[in-house]
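One structure follows; several queries about it will come next.
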Amino acid sequence: MADPKQVAVVGASGFAGALAAAIVARHPSLELAAVTARSEAGKRLDELYPRHRVSLELEQFDADRIAERAGSAIVGYPHGASAPIVAALRERSLKVCDLSADFRLELGRYERVYGDHAAPDLLGEAVYGLTERHRDAIAAADLVAVPGCYPTAAILALAPLMEVATDIVVDAKSGVSGAGRAATETTHFVAVDENVKPYGVEGHRHRAELDEQLGADPPITFTPHLLPLDQGLLASCYVTPRSELSAAEVRELFAEAYAGEPFVELADTPPGVGDVRETNRCRIHATVEPATGRVLAFAAIDNLWKGAAGQAVQDLNLMLGLPETEGL
Amino acid sequence: MADPKQVAVVGASGFAGALAAAIVARHPSLELAAVTARSEAGKRLDELYPRHRVSLELEQFDADRIAERAGSAIVGYPHGASAPIVAALRERSLKVCDLSADFRLELGRYERVYGDHAAPDLLGEAVYGLTERHRDAIAAADLVAVPGCYPTAAILALAPLMEVATDIVVDAKSGVSGAGRAATETTHFVAVDENVKPYGVEGHRHRAELDEQLGADPPITFTPHLLPLDQGLLASCYVTPRSELSAAEVRELFAEAYAGEPFVELADTPPGVGDVRETNRCRIHATVEPATGRVLAFAAIDNLWKGAAGQAVQDLNLMLGLPETEGL
Amino acid sequence: MADPKQVAVVGASGFAGALAAAIVARHPSLELAAVTARSEAGKRLDELYPRHRVSLELEQFDADRIAERAGSAIVGYPHGASAPIVAALRERSLKVCDLSADFRLELGRYERVYGDHAAPDLLGEAVYGLTERHRDAIAAADLVAVPGCYPTAAILALAPLMEVATDIVVDAKSGVSGAGRAATETTHFVAVDENVKPYGVEGHRHRAELDEQLGADPPITFTPHLLPLDQGLLASCYVTPRSELSAAEVRELFAEAYAGEPFVELADTPPGVGDVRETNRCRIHATVEPATGRVLAFAAIDNLWKGAAGQAVQDLNLMLGLPETEGL
Amino acid sequence: MADPKQVAVVGASGFAGALAAAIVARHPSLELAAVTARSEAGKRLDELYPRHRVSLELEQFDADRIAERAGSAIVGYPHGASAPIVAALRERSLKVCDLSADFRLELGRYERVYGDHAAPDLLGEAVYGLTERHRDAIAAADLVAVPGCYPTAAILALAPLMEVATDIVVDAKSGVSGAGRAATETTHFVAVDENVKPYGVEGHRHRAELDEQLGADPPITFTPHLLPLDQGLLASCYVTPRSELSAAEVRELFAEAYAGEPFVELADTPPGVGDVRETNRCRIHATVEPATGRVLAFAAIDNLWKGAAGQAVQDLNLMLGLPETEGL
């Protein structure tokens, strides 16, 4: 069997997959063994992404051929399409980090949101890959479901507050790379430029991850907005506390929750997504609004890094016993 | 005394003042009598704003010389600096629309937020210039305080819901023109581009207008964010209703509140600020989040139009007995 | 036969067609009789373009039904697809402004660049719709070929210099709306944002228009670049003069060429595309580079206005005997 | 004397200085010994640039205190202000890479463009730091003048063509970070957004570097443009060849000139600045325009990396005998 440090990126033509391939290629302890893509096979990855400088040729996916060369895989397929790929890789004993939603939810919740699941038997072994909350389980796992970009920021902003929260509103804002590489009316430059717009207001799929990870009590209002920028995601969280809290008490909750975390950065002032661009960090500022006593928590990430590919490599580092921050 | 249809724009070198001058210059019933500016006097306005094509020369402000030629004025000075200018113009009987905060609040609230007031005697005659709420008073007024950009969007989104609201969060997003023409670290292209950031989280001045206009019960959480775009403002409002409301009931509240309003546009889908760019309209979508029952109301405006200069001309139309939509 | 002031916009779902419909709808002397679209028929135009506020329903194109209601048409189809539509409308005696390339070139040149022509018999009656050069012919025409966006800016910048030029380089820069409404890899926000890139370097189709209008001597180097902005086009033209010219002499050439032109604006400093955004103007600055004696001429337009829909209405005004600037 | 691998960044609060500090801080063989700034002293660098994560405190410049701790320096002062700082550091035997223009030109040319020189005696020892042209001299130098951003891209695009060129036009386009961190009318977001504009058309200072490095025959037309993006610079070069050249011959000239160059990337298609964002590479595409025989050469760099801070570290690597690509 191939060495787990030989990593395949399956579905490497999308934004997150391509970045995962680039991070693996530069990683001191990992080697990029193969990259695959459905419709772009035959091209070199650096024809699609000159900036990443990964000159491997994209292959058609073939589980056996991948398993010969790679002991681990990062899978960058859309939800639904991902589960069978993951199943094929797990059958061949590869360790897998899956960027899709297919292994993030319990079966019932998945079916309500996404429909039928192609590999429900694997749900039992899948671990939700938010390192700050499931580090030990990730280190022991063979299959990790990399969190969605919105849940990553929102959960990191909300987790320290869940015990004191009676009401939660998450107003989230994302750059366009989060919408994927498909050219659509929504991702056309002219539709996004000089614009900002809420979407999915009647129910965005990422809400299910918030419920699964944080519980449904109190229920969480969640509204995403599309912004005229490339990479970056901000979750602005408004939390009504059970009883009055001072700003110092709020800061203390976060300081305790994230002591020693290498990729969580607590800031004295509100974060901008530019502060974490092209990094794997989540920058958080939490305080109390004097006029209302409401707790405000703002978390900024790069949606392609901590919200996808960077988090995947962080997970893989843990799964392979490497230093968690290596290559990031 | 000069004809009130002869309009001076006092403080025309800022973004809102310059746009007000351009709208007046093209207005079929108004004439642009004079434009003034403190530091740019001597230049033609179209040297600063070629696109507006207003070739009048900027003068130093002189109340007597203005009063000889103009019977109305739109004042574009910063708060604090505006009140004495307005007082000088009112002494000379000009009708005034003031773009600053100086006449938007009752004295006590003003002093708590902005400090001393230079013309408190005029507060009694000032009317808050949100036409959709104070149309008759504006029509009878000689001094109108044009609302702030954030309050304009937030109040229009919230007003129909105030009777049913028990809790309110306003997450607002604005383009950079709202920060004014001064070149600062905050308005530098590199600081804004590819970024989004909350600011004023411990208390933005516009909150006082929300309190003054909507009442302090329930208290309103208000957080503005700066976006990488030029003109446009979105208020995303999250309202907990006293009792369960259907989406249809919410739509009905808005349909009643804004029946016949020429500049309020109720939409079936969430508005983008691009939908109202360079117009005086406020586009609103209100619905109910199925998972929580929370009422969501989104209002998009162009901060320089309905949020400043366009609103000022709408007010002036009413004050002069002209059709409310003329020139807009 | 329908009144020529009743105008149909055929192919109104693209950026230029939709803007043409909006300009016609607001035009004091024209009436928007019908709007058509191939794939979006059945929708109201303001569902696609809320900002334009044109609530007409898009129809499938049917020449007879259009001819019943409209005496003129602006056609917004792609090249190749446009010629048969124009032929059908001309058969029914409508006056036509065509936004495509189909009637801009003589037959041989068209075939070399675009392939077969579907209505070559109409080429004889077609007039190139650059008003500043062909005003009288346009006024007498029934079929006008609206110039391409790049040629509009380049020709206006170069025409006054052709007699003195021995060498010409045009480095042109356009916003993304010029690439049309189709969602492609090229128009994806992530491909354009924070980027600038030359394209068509081995031969862009618009070069043929430059040759046709300006002659092939001297040959013109022409390279377009795609910019991260929505609307706006700048042609930077570098012209080697036959003999030494002073900056004053160059300015004089332009002043003579464009005396009295309502939409050409000669500026003392280099134009930005922001100076003409959402206007039908072309703003030009011409000077001489001291170090080399080279003549520099910069022309900025809004590619959707003077580069397409605005120019079409300017042409239509002339064709219908209306004031050239009406509605613009 | 301090170890030359102990590096001070003097003037670290500007964009290029701050990036230089960040690159040095992450460099495997260098250590960031000190950072200084004139007006921001006392702040930590990561307060100004959270993304760079350099937590050193900015000091007031004091040559003696720097010399105690650092054996090399990268100087990020404006031209004019830089020369005395460099002189003070050279007196104390530090190796210096200067980001300003102060040591890029021979004295006469400097005085004509910038005025008096504060340390003319040092000009003799200064080497122009474009590694691809002066590698050996840089390796032996104690004082390197890091090239300007425009000359870097233009010289790399033009150098292989100088022997065959009879006429040269350089149309250059830069993001706003090239204009520096000062908040001015020019760098205000609203001035840049949705705009593109030529500037310095009567003579930009960087032309002098082109003349100095490439010779004045043929004279070079050079026009910079400001683009609505943060980091990135494209030089579009139009070169008339002495005699006809094929595209293959042009490619061969570049292949020879840049064989083995680690940071020059020859591409088969036109480069975008996004292809090199946040890298030290220069990506070049050169070809021949079929219609005219003109040679087209496009060079894209990140103006803060290869155009400033990255190039400085590349120079420093050579000066210290380290691998040229280390840390980049």
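We just call them A, B, C and D in the order they show up, numbering each chain from 1.
The rule is short, and it goes like this: a residue touches a chain if its C-beta (ideal position, glycine included) is under 8 Å from a C-beta of that chain, and two chains touch if they have at least 3 such contacts.
Here the structure is a predicted model, which is why all the values come from computation and not from measurement.
The chain pair with more C-beta contacts between its two chains, of C-D and A-C, is C-D.
Relative to chain D, the most remote chain by averaged C-alpha coordinates is B. If each chain is reduced to the centroid of its CA atoms, chain C and chain D end up 39 Å from each other.
With centres taken as mean Cα positions, chain C sits 45 Å from chain A.
Chain A has residues 191, 193-194, 228-230, 271, 274, 277 in contact with two or more other chains.
Taken in their complex, chain B has these residues touching chain D: 15, 176-177, 181, 183-185, 187-194, 228-230. On the chain A side of its complex with chain B, the touching residues are 167, 169, 171, 173, 175, 191, 193-199, 201-203, 207, 219-221, 223, 225, 227-232, 234, 236, 238, 240, 270-274, 277, 285, 287, 289-292, 294, 296, 298. Interface residues of chain D facing chain A in the complex, by the touch rule stated above, are 50-51, 193-194, 265, 267, 271, 274-279, 283.
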